[in-house]
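There are two complexes below, and they share chain A, which is joined by chain B in the first and by chain C in the second.
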Partner chain A sequence: MNLFVDRYPEEAWIVRAALASSFLALFLGGIMGLIQGLHRTGFLQIVQDSTYYTVLTLHGVSMVLLFTIYFLVGFFQWAVTDSLDRSAEDIRFTKLWYFLMVAGTVMAAAAILGGFTDATNLEADVLYTFYAPLEAHPIFYIGLVTFVIGTWLAGVDWFRSWWAWKKEHPGERTPLRAFMVMTTMLMWYLATIGVAAAILFFILPWSLGLVDSVNSLLTRTLFWFFGHPVVYFWLMPAYMMWYVILPKLAGGRLFSDPLARIVFVLFLLLSVPTGIHHQYVDPGIAEGFKFVAMTNTMFLLLPSLLTAFTVVASMEHGARQRGGTGRLGWLRSLPWNKPAFTGMALAGLMFAAAGFSGMVNAGMNLNYVIHNTLWVPGHFHLTVGTAVALTFMASTYWFLPQITGNGVFSQRLGLVQVLLWFLGMVFMGNAMHRIGLAGEPRRTAEPFYDGVTFDTALGSISELHFQIALGSVILTVSLLLFMAHLFLSWFDVASNPAPDNGVIPEALSGPENAPIVLENLRLWTAIALVLILLTYALPLASIVSANGFFGSAGTLVGTAYEFAVSPFVGVVA
Partner chain B sequence: MDSGTESASADAWDGEIETEIGHDEYDPYGTLTLIGIYFVIIALLWVFMYFVEFLGEGPTVM
Partner chain C sequence: MEIHRYETIWFAASLLLIVGFIGTITYGAVGVGVEMVDDSGGTVDPDNLGSHERFGDTGVHKVNESHYEVNMIAVHPSFIPSEIEIPAGSTVTFYMTASDVTHGFKLVDSNLNTMIIPGQVSEITAEFDEPGEYGFVCHEYCGSLHHEMAGNLSVVPEDEWGGVDS
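Let's turn to the complex of A and B:
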């Protein structure tokens, strides 16, 4: 057998553990999503309004930090081990980072779940965007830091494998999947500087009572320094699947390996210096800095549009190899009966729609129309909630046999599941965007206020609320199907043999056509750092000089800083 | 494919390829068509946003 689990049983164990953690978080987060969808539309309110924010935090943290990142580390472990064709350098180290992530998860989860009861003082109703002034129990932040350190060590583990491989293969191009992992992790190291600084220097000392106050704008800015690139951290494994697995499932070959590498390098360069576009309405950051962030964000559309071309061209290649003809007729020759293919293709389609709402978010003027409205969750339910989540679920129908050695329970049931997810999100995504245009706020248990009405351009608010509730129910049915199917396949209830999926076919234009400079990750990281400095140095300096490191209230540390540095700043000015 | 009888691969490379198409024979004009349609849709949506934002003359969220 050529299965991953037979060749690398110990690494397959880690991949399975990571995926199990990931899907557990997906299940928990999904149930919270249903509660929210029914609560804020008024159809069924089983929790108090105040508890809504505990539910919302659990939904956000489970979905966008735990589900996505656990899946990522599992999938990346497979990608590195399989593409370099070598075992982990030290499997104990691999287990160490996984269990660090688990320990962090347990701490953060305990803090969030404490919000459901008054029996403890544990609480973390701070949402997934946990910047000040919202404050959680310190164990929440300690848990998050531990979790992130786990991901850092995972990156170290994969870099060790890559360096060892390079020593044995001098002059060879890095295999595509390993290249994608390394560029993504470099981006992650740069991005997490922001959140690490925000938590370790400011939010955690404040939560522990070591300092009296924080500069809220500073912690917000440091959060979004991390908070935007994290969306690419979710997205990069999905991109890897679209580039590497989807063409194979379609019966074709990747159109261009060099283009795929360029896309990942562009994400390394441009993901971080964009975070300020989440702060267009924040007072205290000058318009000029916001304009720079907008420009970088618009440049970031380029790798996504390159991906749209390359991935569709690779699918078309498959369709034509399978006998497809015509300008659009080839679409009929794609394997729509396979859930792994159909789910990923529909996820890509939804991502194209999300591209439009993302352009609206990114534009400084249009952002004012939709800022803090339900449009924004509408946008990211199409990106992370469909492009990423549906790709992860769909790919599991292909991926699971590789790591468990068991066949999937039923392709037909899988097909129903991915179609239901797409359908549910069509209702929910569409309605959320339109409600947002009408001005209904996000992050709100009760969106209605006396004397305030929301006018929709088309349809009524109650019809749109019904669409959200209907969408949440369909998505939950899809999720339950997925979990049941996963259980049946994992434990091999039908005793289906695992298919031998063979090797991933070579790209039409192979790595030998890529410019050699693409391999120089030091250079790309250095350029990324320069771009970050250009975008962030001045805004951060201006935020700190306006209100100090710890807010205008002033603390011993803040005052000491101002005492020591302001004369110097005066001289320079 | 029904459950219980599945042994075939989940990808289409096993026995479903009619003709192998190499780098030089492949012309992705179907992709061009799809991307063209996408750009038309995006352009129309931008025109729509122009009406929402500038010609509606209603108060915005802010």
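Let's turn to the complex of A and C:
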């Protein structure tokens, strides 16, 4: 028996629990997405305009924090345990971080769901960016922090495994999957300093009434310190699948192990010192600081472009192993009948399109045209909504048997599901980008104003609105198929045996060819910290010196508190 | 470490693309003069806008024959003022701030786009050569009536212009 679930039953339990949480969030977030897609285009409005923002908060938090991160921790637990081939150091600790994340989720969800009823004072209509002084119930912030602490402890758990492994394998190269997990978690530790500081030092004390006001630009900047790298946190598990699972599914092996490692190191270095590119049109931040963030952002294209090469090269290698020939004829020899392969390949294709719209966003001056228009959610519905979500769903057709011991219910049904998701997102992504170019704002219940018209270069706004509504319906059908299929496979309704295909083949160019310095994670973390200091120290200092730590409404309580925490904040900044 | 020849070419092409992007943006800023919203507007106390020399006096103000200033406050769910009229052929500098939460401003069919953040002043300058009607909207969620927050900017022929507000 070579299945993960048979070798590591206790770890498999955690992986299953994390995936179940993830897909529950995906389902909830997806239904909210349908309500929004039909509401803002005017086709069907089943909630009040004011409730739309509660729906939008739930959609954002479910999708970008819960769905993605729960999947990540499950997948990373598998990657660490399987690639190091050792059990968790202490499974009780593993359960602790998972249940801490659940506790955080319950608190934050209670606050958001409270927005649907007047019966409680719970409310968190602040969207997933929670820009202060928009204010949520304190339990929302406490929940978010608890959830993040859960992920921190998960990282500790995986580092403990890695350190123990290294002791027993002196001089050996860290297996690729474990290396990817460690670099990603280091990036996450650096990134979450921002959101933790924003909430613990400023927003939470303010929402509890300990201080009178906040410096909006400061908390907003700290949010984006975290807010940009979080997109790489979602993306890294998807990249890991493209590097380690997709080549195998294509019938071959990864092209180059050392380059995969370089890509992950580049993400560790460059993910955080780019957050200010979300603030290109913010007042109070000098142009020079924006320029630095822009330069870093452009260099962050490099690891993604390298990934594009490796993924396609690995697929071609796989196709040729399967008998494919010709310059492009090999494409026909890929396993297009398998949902796990097809879904991931289509997700990668969509990610290429997302890369192009991302280059527009990253262009400081072009950004003026599309900032905060529907273009921006159009962009990230292709990144997190397709590249990540479709990869996660598609990989589940391969991954689920490894952790449940049951075969999937029907490959054909799975294929229909991934194709429908792709199709739905083609309509949705196309329409959102084009509506954004016409100037229609994002995050808006009813984008119909007196005296304001949005003109498109091609077609009409109403036709594009129809595409959004159509896209959301197709996506919902795909989501329901996925959930039904997941249920049928998980509970083994068809009694299909799990295929014995859990082994990840070695790369064509193996880890022994990688420069040894890549293993030095302390060095890379130190360089990442220096880059962060260079990018953020001056902007944060100037924001604080202009308006103080807590905005202009200083009080005795506020001043005393400011005095008490400012030394720590100085360290963070 | 061995790197495939095609991969080396790809790597070089990628770097070229990146440097090219940075180059065009630098040219846009230095050569063409596309300015970023930055810290030039300074800061303000959002709780005392009424006594502020600029925001105590919202609306259109004339600096000279061709240059006008618009002082604007964003407060959920309105822009103050929400109807703006300026003469064609003028340069207009907008000064905006928020008295409650973070808002946004986008003049549709233009590249005028800024966040409006409590405590900060957004300053943007634009030229309006031809008469025309522009809508503007708040593009950052600011509360339950966010979707009603919008206004209009009329650029009228010079001889039809009705003068400043005050």
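The rule we apply is simple: the second predicted complex is superposed on the first by the 553 of 573 C-alpha atoms of A that agree within 3 Å, B and C clash if a C-alpha of one lies under 4 Å from a C-alpha of the other, contacts with A are read in each partner's own complex, and residues count from 1 in each chain.
Following the convention adopted for this analysis, a residue touches a chain if its C-beta (ideal position, glycine included) is under 8 Å from a C-beta of that chain, and two chains touch if they have at least 3 such contacts.
As the structure is a prediction and not an experimental result, all values here were calculated from the model.
Peer 1: Just checking: does A:458 make contact with chain B only, chain C only, both, or neither of them? Give me first, second, both or neither.
Peer 2: Neither partner.
Peer 1: Given the touch rule stated above, what does A:119 touch, chain B (first), chain C (second), both, or neither?
Peer 2: Neither: A:119 stays clear of chain B and chain C.
Peer 1: In the superposed arrangement, which partner chain does A:500 touch: chain B (first), chain C (second), both, or neither?
Peer 2: Touch status of A:500: first partner only.
Peer 1: Is A:517 contacted by the first partner chain B, the second partner chain C, both or neither?
Peer 2: After superposition on chain A, A:517 lies in contact with neither partner.
Peer 1: So in the superposed three-chain picture, is A:365 touching just chain B, just chain C, both, or none of them (first/second/both/neither)?
Peer 2: both
Peer 1: Could you say whether A:46 touches chain B, chain C, both of them, or neither, answering first, second, both or neither?
Peer 2: So A:46 meets neither chain B nor chain C here.
Peer 1: Using the touch definition from the top, say if A:335 reaches chain B (first), chain C (second), both or neither.
Peer 2: In the superposition, A:335 contacts chain B only.
Peer 1: Just checking: does A:322 make contact with chain B only, chain C only, both, or neither of them? Give me first, second, both or neither.
Peer 2: first
Peer 1: Quick check on my understanding: which residues of chain A belong to both its chain B contact set and its chain C contact set?
Peer 2: 255, 281, 309, 313, 359, 365, 368-369, 371-373, 439, 455, 509.
Peer 1: Can you list the chain A residues touching chain B in their complex?
Peer 2: The contact residues of chain A facing chain B are 248-251, 255, 281, 308-309, 312-313, 316-323, 326-328, 330-331, 335, 337-338, 340-341, 352, 355-356, 359-360, 365-366, 368-373, 397-398, 401, 407-413, 437, 439, 455, 457, 494, 496-497, 499-502, 505, 508-509.
Peer 1: Residue numbers of chain B touching chain A in their complex, please.
Peer 2: Where chain B meets chain A, its residues are 1-4, 6-14, 16-23, 26, 28-31, 33-35, 38, 41-42, 45, 49, 52-53, 58, 60-62.
Peer 1: Mind pulling up the chain A residues that touch chain C in the complex?
Peer 2: Those in contact with chain C are residues 49-50, 53, 56, 125, 127, 131, 133-134, 215-217, 220, 255-256, 258-259, 279-287, 290-291, 294-295, 298-299, 301-302, 305-306, 309-310, 313, 359, 362-365, 368-369, 371-373, 438-439, 441-447, 449-455, 509, 513-515, 542, 546-547, 551-553.
Peer 1: Contact residues on chain C for chain A in the complex?
Peer 2: Residues 1-4, 6-7, 10-11, 14-15, 17-18, 21-22, 24-25, 28-29, 34-39, 41-43, 45-47, 100-102, 104, 106, 108-109, 111-123, 133, 135-148, 150, 152 of chain C touch chain A in their complex.
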